[in-house]
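Scrolling down, you'll hit the structures one after another.
First subunit A sits with subunit B, and in the next complex the same chain sits with subunit C.
Then we have the complex of A and B:
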């Protein structure tokens, strides 16, 4: 069985709790002493660091969300001076200003350890040729996996997110054994394979480590069958550290979350109430060891549940269920996160369009399609076809510029979407 | 094996340790780092029951020891080598060592107590066994102090500034002996040490205490590469770090 760090991945639950309490208390002391934001929220609630006497006392501390991070940009929540920061990454910034995250030397090293755990858990070793098809750059996916694979001693092909045809060519030439990519990229590869009539057995590929967007068992089976690999899920987010927060082992029964680095809670997204084991709710994470950009009770917007049962693989650290949903209405199209609020803004920029629209998402041959049906304002069109075409093109091009995706736009009668209560409705047929 | 939760220690009205949690595993050396007055000595004294003005939880192998007296705590297997050694200079080396075996005398006879394992660890003390402890060099006196604590056959040894006033080479010898205690006898060690860099090199983990709070905890190698800690506590390369 593959376990990268037996010392920490198989700790007894009781030991984990003492360990987490110590880390949490030290973190809170550090944040309270050094960062005005935390001092302020503690003072507002009339609590002192010493009031956190057990892990469950964490509920006395308010949550943080993306808005808090945005308000304190760029360095307001950094716990170290800039001279100790050795790397920056950022969130994608699809909903507004991207959020800068920083790493100290120890942070980078810990991150590599976490990703090494992720890779090793599915059987990646120094004998593997690892093709990293995540984007390199500000996105944490590329470099995050790069450093982890390097720690394991695997042979890395830092190919980044180039087109599937080129990926496939490299994959054949270098005899890649492990693919690290979005599920969408894996689907694209499967399509290209079929299109170019290449037999999947010509490839040396054996493992796919996929992530950065939600995908289900159906897609997993499809990818495993088409590429003749074992496909595994992993979870991470840039605000917290990047990839490596939670990972599947070879049993594929949930994602192991490294509890020596992160404290996880599940809450009711409406009330903020902390929920118990196996209850579904929003994942809230606290970074226990991060030095440069630590976060206390960060709301991830991802919906999952926690299990503390020991896994067949021997790991004792908790598992989260595979992520299916989010608390916000983000839609992921071929790996690109689309926010309805942004679409809403684009629609409202056109005077001739109405208040309501419907977003329809479907999948054909493994590729996601998005169609947006928009109400027209009554009386604003003289029913001239050229006007319809013009406005459709404007919307399409704005969406293309914002998200770099192709969409289908349909203009509908002014009252035909009046059954929708909110401004928009999402119909996901995938 | 030792688990502390939310320990607060007071000296009169002054709170020297404010809600500290820490633990030590079997066969482990940990270091407490902090400037003078941060609360390190108070913490050690509270563990061995020398200060009872305390609050919180101290659990040793499943037993809550917070209400126990010092002699009961020593009996359970925790011994302190105090700051400044505190040996009896007008007594012989062997008598000093014998005093350390005091808790065992309820069950064993004085004549059956053997100093052999101490003399194996510190051969020099065997030669000086009949001499007054006050005539020994600083390093040898420290050996007597450690030997005395070991006579109680502890499972955890607490050392408060063992290197104070010793020459660098002697300090290294002392640390090597401590490392061997861990490796060969399986004794866990909590070190409070001014020479934090050296202590971290011999320990697996460390805790950083500031004004009674723990502000950082981690693997020794991580603490050694944390420039803020290097700057504040580790002294060396001070110029190199601050001038960057």
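Then we have the complex of A and C:
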């Protein structure tokens, strides 16, 4: 059994809850005293830190969401002086300005611990050669897994998000045993392997730790078969810490959430009501140990449910069901999150275009394709081909700049979108 | 005065030499015993480790160069078992297959120390917010500076090599005080600053640590003036360790080489003869402390000279003159090293093209542009425009895949290149 930190991963549930309550109370005291935002929301609700006497009292505290973070950018919610922040990362920024997140030295150590658990849970050891194909830089995926793999003592190949051909060459030459990537990258590698006529047995790969986008059992089976590996899911988000929030063990029956670092609730996304075990709803997370950028009751927009049943692996910490949906309209194309609202803004900047558009997503050989059909305002073009081409190129270029993806744009007569009742429609053919 | 490690940076020269000799002897023993390549070259020359009795005896050992590294890829020159290698990086691979380099845990710590010296020497402290705009991943620039800045305790923004507009936005929002980048990126930032009408005084920037490509006083003055910073040079190469091999101090009179980690010689690149102080020639480096991938007498191809005069900063370690030239034909375009031999190979893959080409490099608004004029084999085209476009696109695409740069390709009649006597000509208009 691979358990990194037996003390905390297999604590009795009452003990975990007592531990969580103490951490929560200390955190609330600190935030109330030091950060005007928290003082304000506590005062508005007429509550004091000492009113949080049990974990269920957390319900008294209002939720936070991305809008709250955005309003307090860049440093309004930081709970330490800037000179104690040793690292900055940010969210992808595809729904607006990226949100800056900060880490103290302890936060970085804790993060590495969390990722070490994630890696260890699926059997990664210091004998492994780990190829990290997540983007390095401001994105938390690359450096997050890097520090975790370093903590485990594995050999790290920090390839970052380079093309699959080059990934495969490195994988062969360096005898990589563990791939850390998006499921999309794993699919790409499987396809390129076939194209280059490389036998999967020439590789030394044995484990794939995949995440940062939703995937399912069908994709898992395909990747496992094509790359001859065991593939595991993990979950994290930059606002909370990055990768390492929850992780699959070898039994693949949900993701273990590190309850010594995070307090989880499931709520009804419409009413905010806290739901019970096994009930599906929006995951809300509270960071219990974060120093630089702690969050109370952060709405993740991810839909899941909680199970407190003990897992076959021996862990007692709760499990969340694999994440498949979000509360917001987001389309994930090859690992990039696309927000229709952002596309809507881009479309609206062109005078000659109408408001309506349809986003068509399909998959060819494991690769996602996006086509956007946009209505033309009647009378704005004199049917000149060069005008069509120009406006198409402008849209493609803006989408490229915003999301770094290639899209197909079709300008269509508005009558052909009359079936769309709202501003946009998403047709996902995957 | 900012001296990170007074003990070693200000050691008396005789003491340094004694220290170096002991390290060198230990290294040679280890390599002779463990690595077949070294046993072989020692045997061929009829020398034994104990024959190296003084530093000048190093002349008995043959030089190594990139070809030696390439022949022993990927693991032939590694001096530790693979499970003790905790990190891989590689050279850019633009002259052929990238060369894998490996690091033990101690190597990574030493590397961080070296970069900490580099940063500290120009006054970077734990109060600084350091924006690292070098590419992260296999390239040693990003993660190399990252670990050094972490050692110093500075706040790190790991932006990696993203576009200048986004760099500037982060620089403003996060109140960056130190920029770590290529001179080209700094030039780009200066240009974009003017375009976006941002006043340089809105930035909190005070220091630029620039490197990974040759630059000069003129460029330094321009960058210092436009960004309102002090700009410093540093030197390193992946084969040796990455950034941190030599660094400028605040007096900007040559680069201090960390002699406790590296033994430096200057040779005549034609004859291999070891030259004296102040004589210009090729820099040859021996790693004294590297565990995973040590090198004896590695020819860097960089042309410089050595000065042993004590610097005004108090350091006694030798200085190398700023690096301006290399012994090989390399063109540096916006920080990317382009090898004409590689372009020649790309051109030769197209049957309808001749052998000759001219590479024209120019600079517009601080940005380098490359145009390649290639001769067409007479009779291979029936003057069909689509054929010209197709072949141009193929070349551009291959160059893009190899170097990740955009080029302009012109197909020309062979008579117009008759002035070129060799296969190619480089016309550098910068």
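The criterion applied here is as follows: the second predicted complex is superposed on the first by the 424 of 430 C-alpha atoms of A that agree within 3 Å, B and C clash if a C-alpha of one lies under 4 Å from a C-alpha of the other, contacts with A are read in each partner's own complex, and residues count from 1 in each chain.
The rule is short, and it goes like this: contacts are C-beta pairs under 8 Å (C-beta built on N, C-alpha and C of every residue); 3 or more make two chains touch, one makes a residue touch a chain.
Just so it is clear, the structure is predicted and the values come from calculations on it, not from any experiment.
Participant: Looking at the combined model built on subunit A, do subunit B and subunit C fit side by side or clash?
Facilitator: On the shared subunit A, the partners fit.
Participant: Examine A:127 and indicate which partner it touches, taking first as subunit B and second as subunit C; both and neither are also allowed.
Facilitator: second
Participant: For A:88, using the defined touch cut-off, is the partner it touches subunit B, subunit C, both, or neither? Pick first, second, both or neither.
Facilitator: A:88 contacts subunit C only, not subunit B.
Participant: Where does A:155 make contact in the superposed view: on subunit B (first), on subunit C (second), on both, or on neither?
Facilitator: Second partner only, subunit C.
Participant: Which partner chains sit in contact with A:272 here, subunit B, subunit C, both or neither? Use first/second/both/neither.
Facilitator: neither
Participant: Is it subunit B or subunit C that touches the larger share of residues in subunit A?
Facilitator: Between subunit B and subunit C, C touches the greater number of residues in subunit A.
Participant: Scan A:106 for contacts with subunit B and subunit C and give back first, second, both or neither.
Facilitator: A:106: touches subunit B, not subunit C.
Participant: Can A:62 be said to touch subunit B (first), subunit C (second), both, or neither?
Facilitator: In the superposition, A:62 touches no partner, neither subunit B nor subunit C.
Participant: In the superposition on the shared chain, how near does any CA atom of subunit B get to one of subunit C? Answer in angstrom.
Facilitator: In this superposition, no C-alpha atom of subunit B lies closer than 8 Å to one of subunit C.
Participant: Return the residues of subunit A at which the contacts from subunit B and from subunit C coincide.
Facilitator: Residues common to the subunit A contacts of subunit C and of subunit B are 83, 105, listed in rising order.
Participant: Contact residues on subunit C for subunit A in the complex?
Facilitator: 73-74, 82-83, 85-89, 100, 102, 105, 126-127, 129, 136-138, 142-143, 150, 153-160, 162, 170, 173-174
Participant: Can you name the residues of subunit B that touch subunit A in the complex?
Facilitator: My answer: residues 3, 5-6, 8, 18-23, 207-208, 210, 213-218, 222, 225-228, 244.
Participant: For the complex, give me every residue of subunit A touching subunit B.
Facilitator: My answer: residues 18-19, 21-23, 25-26, 29-30, 33, 49-50, 53-54, 80, 83-84, 104-106, 109-110, 289, 291.
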